[in-house]
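Each of the next two complexes has chain A plus one more chain, namely chain B in the first and chain C in the second.
And now, the complex of A and B:
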């Protein structure tokens, strides 16, 4: 195998896959990338067996073939090379020679035959989704993903489509058992059997998709293949194994009759909470909210540090109420909601609290209170 | 019609009983030693030959038996130790079942000679396989001599399972050690194949420990004294340096009886947890005195297991007793005695004389009342031991040191002269005659850990409610234990609700455990509650988290400290419990004495 490529293209291609390659793993081949030339195209593939990515770039192929080399080392080398064309060729025993200007590198590779199989993708039955819409949904839910690996069914976001006539409601949910966030968007068209049943995207895969959506707006293609989801954008494909587990019945925990509704300025509450959280205990971040008709008093205390309190105007006409929360959970929600006012819907000090934007209906968050 | 159920002949029942009680020579020695102690003996000689397979002979100077008593003692369930059923509820003697002698006699060639003090002659009984062959008068000192030859001669199966004579002799030695520890007021001699293995004279507990377990251990144990209206604990506990990899040196005695009880052991280990690394065991000699009605010793024929009426309370009291000593970290103040003593000023000859006389007085004081085994007597004997905690020769030395300490409330660490820092990781200090090296990270870690713990316990428990309650299934026993201590578990921050049957709903958990495996912590807790009546699992889980936080929040690795900073750290260490070791159990400081340094340079 031999090909020539410009530094910029090669560097961009290798940078894309760095986050896929696991730093520590038991299979050495997984820290490598697979490079394959077909016609005048270079395919760069990386996988950690859960999430895989394949992207194609234009090169000048001299001799077609394939090889795997260390993703990290190759990236570091290319990054330091001068801006010139790079000649890449394989030699005997899976050695690789890199030439750029006067620099020559001889790198140890591994046989491409050992590299895990990457499915070939056909583009039928793919669903089209606007990248901006998907980004909004991921941004407003992914903070609630559970990081406790023992609860594997919560280590991702749940995506489900519910068809209603012409329109389809697409829901994305994430929870860690203490809080939950839900985004709901209405779209045209039909979404296939997998989504109407609901699927769990793994955490790592969701962050890869999010990266797709961060460039200029475009249309993404979403499809399913056996147990995996496939997301395609221009020259890039991500395949991720869906989390094989039952997502808990989230509809049950979204409170329906929280009738004590407080309307607060989002930004004001956000900054106040950040201030109060400084004096809450390091680990629990507990803050207390005392709500009455005129104001909300936010306070925190820590026997070793001291205490803090701040009042805020509020729009509330119910009975006075006291409730404790982990400040981080509130801040996470307030950080992603993009409306001026939020509605804090409560019932009592031990029942789940519901937060939504005052102007929009598409976002819902549930936070379990804390008994301080 | 043939009868299928028959009453077994007595000879056979004795053999069956022997199967439970007499397992190996050491168990014979145990039974006979306990008899000797129950008889009020003050001088006991144990002789064995061939690991006890050939010969076991126990000679005591106890009260002895008349001929009729001696004959009766060989009958099954014959005993002088209890009379009525109510005696069983308050057993103050070591033995009481009346099974030992007939059991032993049924599997050996058994000779027992005994003379009461006011009889002019003794009587000797010879039995073979449980059958009395000969009874005759004999001349002897007052007391009892029991001689067992050819143990298990008629049960070849048992004989086959005995280990080598050396191993069996070792077991007997361990056993004599245990019993000798429990009664420092009695003289014990143990001979194996004619060689004297153990010879200890009456004295205090501390000198008995030095004699039996070695000077090294004797010098690093500290007296415990604890008394509440429920139980009293006294004895000796070792510093964490003096530890073992197996619980072989955890000697626990309940009312004078050696027990290997898991509740007691768990309590001791719980107290040591902050200062010992995982998998290490301390040297502990603990006497627990408790009202005889509060424990049931009649659980197993060998009486190694016991049952407390209030298991949780006993656990807490024992733990508190040991902890009260460890928290004060007495070993920090003491120089490493063996190494340090040559460098220290020797006490004048007259002081030594006084110490010896005091020693003698103490030994007289602790001479046993005729009948002991009762824990009150035991307590009295060891009170003398506690009043003189160290072997007499060392006590005056230490008294001299204390005079040199800064008198006004200054702690040990702040009294050190700071020399400087080594590699920006270790603090070097001088302690008069010794170089003290302090691991600054470990020291700071312990300080931060204790502060976090205070903070945590002062702050009350924050309970994070769960969005999706978890269902937990328990076994019947666990469920019962859970119900019993539900209130306590809830106080610790678990929000549990019965869901019918043995299923429970977990609706909230302590915020501190959020993101950790709170379910398995709860399960471990319930499991331990069921077994011990007390659980420290949550405290352990919390401690582990806090120690990780502490570890990350303090100076790590290379960090240059100025002298005022070092002084401040030393001051904080004095105000901290368990300052001698970091929360993971590693030592915080080491001492190198002048004499050790001199040896390094071949100056001595």
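And now, the complex of A and C:
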């Protein structure tokens, strides 16, 4: 195998897969990338057996073939090379020679035969989704994903489509057992059996998809293959194994009767909470909200540091209420809502609180209070 | 730190005296307080000490020394209650009271002299009040620092009052054997005697660089101890260092090797740990398990969780999974469960109903047990075991705060 490629293209291709390769080094082959040339195209593939990615780049192929090399080392080498064409060729016993300008690298590779199987993708039955829409949904839910690996069914986002006549409501939900975040968008067309039933995308995969949506707006293709989801964008494909588990019935935790509604300026509350959180304890970040008809008093205290309080105007006409929250949970929500005012819908100090944007209805967040 | 007046109060044969006070029949007789089940003598009365009965002896050893000795099974509640009441008396004279153990306290009375007069007057007032209220005596030492105050209180027992004035320090220390200083144990003592150091006078004169080379940073402290210099402050409870762990251990009635029985004790210990942690709003990320075999070999293992917990069942599950990692080669004599890596937190309630019910049920259980006593409501699987809870007063016991363990 031999090919010539420009530094820019090779670097971009390798950078993209760095987050995919296995870092724990349980199977050496998983920290490698598979490089394969067909015609004048280089396919770069990486996988950790849960999330895999394959992308194609233009190169000048001298001799077709394939090889695997350490993804991290190859990336580090290419990054330091001068801006010139790079010649990549394989030698006996899976050795690789890299030449660029006057620099020569001989590095060890591993046989491409050991590299895990990557499914070939047919483009039928794919669903088209606007990248901006998907990004919005991921941004407003992914912060609530659970990081406790023992709760594996919560280690991702749940995506479900519910058809309503001509339109379809697409819902994305994430929860860590203390708070929950839900986005709901109405779209044209139908979404196939997998999404009607609902699927859980793994955390790592969701962040790869989010990277897809960060460039200029485009259309993404979403399909399903056995127990995997396939996302395609131009020359790149991500395949991820769906989380095999039951997502809890989130509809039951979304409160319906929270009739004590406080309307607050989002930015004002956001900055106030950030200030107050400094004095709340390191791990639990507890803050207290005292709400009455005139104002909201936000306060925090820490036996080692001291205490802080701040009040702000409130738009509320119910009975006074005191409630405690983990400031981080509130800040996560306030950080992603794009609306000037938010509605804080409460019931009592031990019941879940619901947060919505005042102007939009597509976003819902539920946060469980802390005991004061 | 100059010109401080420090007082050390040491209750005389505390447990035995409390027993003699509560049961007049025991007054003036040789008695020894022992624990429940397998145990040694925790305290002997002065009458028994005259026969050579000492703390730590077996009951049969004690009976050999003093055939008519009366053994009394200790009632720890009496001792912790009395101790907490005594500390309240001390707090009337200075806020700077450091509870050193259940029967010893340090007080910094430097600032109290203007109000109460001389240090001796404060000492007599305290002694009189303790005697009047509880019928107990104590020995008090007054000196410029904690090291010397403790030394002074040891000098005259029972019912002593010893003052070491700053000008007398070197004269007094000259003849004091080094092992009388608090902080010099048998090992340090042995190592120092190899240098020919017998008294504090010797220690103070000994070249400090040799001590430093031998003992490291402790060497310098030893040097100052020999000179009777000690800058350590009296630390009241509320300023004491943050508690780093919450744990309980128990010596079992008899050695056991059946896994089911071991688990019962682990659940009981986990509940004790969980309850105390919940009461003081702390949760631990690391769970430790300590096992002592019949031959006293002791070892421990630990496991760190993703999330801190103070839930008894979760602590229990972690302890059991630690136990699963090794094969027990002998019957077990003692078990201990401890959580560390503590975070102080208010309780975050779970969102999903099933878990929330569990959290609220635990809260309800704690409320019942707070009102009617530990283990009033508890797990069915430990119902048949003997009396539950702490039977031993740990050296870390304190009259208030997280270290205040309810004992029975």
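FYI, the second predicted complex is superposed on the first by the 372 of 372 C-alpha atoms of A that agree within 3 Å, B and C clash if a C-alpha of one lies under 4 Å from a C-alpha of the other, contacts with A are read in each partner's own complex, and residues count from 1 in each chain.
The definition used in the following text is that a residue touches a chain if its C-beta (ideal position, glycine included) is under 8 Å from a C-beta of that chain, and two chains touch if they have at least 3 such contacts.
This structure is a prediction, so every number in the text was calculated from the model and none was measured.
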item: Joint occupancy of chain A by chain B and chain C, clash or fit; value: clash
item: Touched partner set for A:199, first chain B, second chain C, both or neither; value: neither
item: Partner chain(s) touched by A:303 [first = chain B, second = chain C, both, neither]; value: both
item: A:149 touches, of chain B and chain C: first, second, both or neither?; value: second
item: Chain B versus chain C as contact partner of A:179, first or second or both or neither; value: both
item: Chain B versus chain C as contact partner of A:369, first or second or both or neither; value: both
item: Contacts of A:248 with chain B and chain C, given as first, second, both or neither; value: both
item: Superposition clash, chain B against chain C - the stretch among 74-82, 542-550 or 560-568 that is involved; value: 542-550
item: Overlap of chain C and chain B interfaces on chain A (superposed complexes); value: 147-148, 150, 175, 177-180, 248, 253, 281-284, 286, 303-304, 324, 326, 350, 352, 366, 368-372
item: Residue ranges of chain B touching chain A (in the complex, touch as defined); value: 451, 454-455, 458-460, 462-468, 495, 508, 511-512, 514-517, 545, 549
item: Residue numbers on chain C that touch chain A, as the complex places them; value: 242, 306-308, 343-353, 355-356
item: Interface residues, chain A side, partner chain C - complex; value: 147-150, 175, 177-180, 248, 252-253, 281-284, 286, 303-304, 324, 326, 350, 352, 366, 368-372
item: Complex contacts: residues of chain A adjacent to chain B; value: 147-148, 150, 175-180, 248, 253, 281-284, 286, 302-304, 324, 326, 350, 352, 366, 368-372
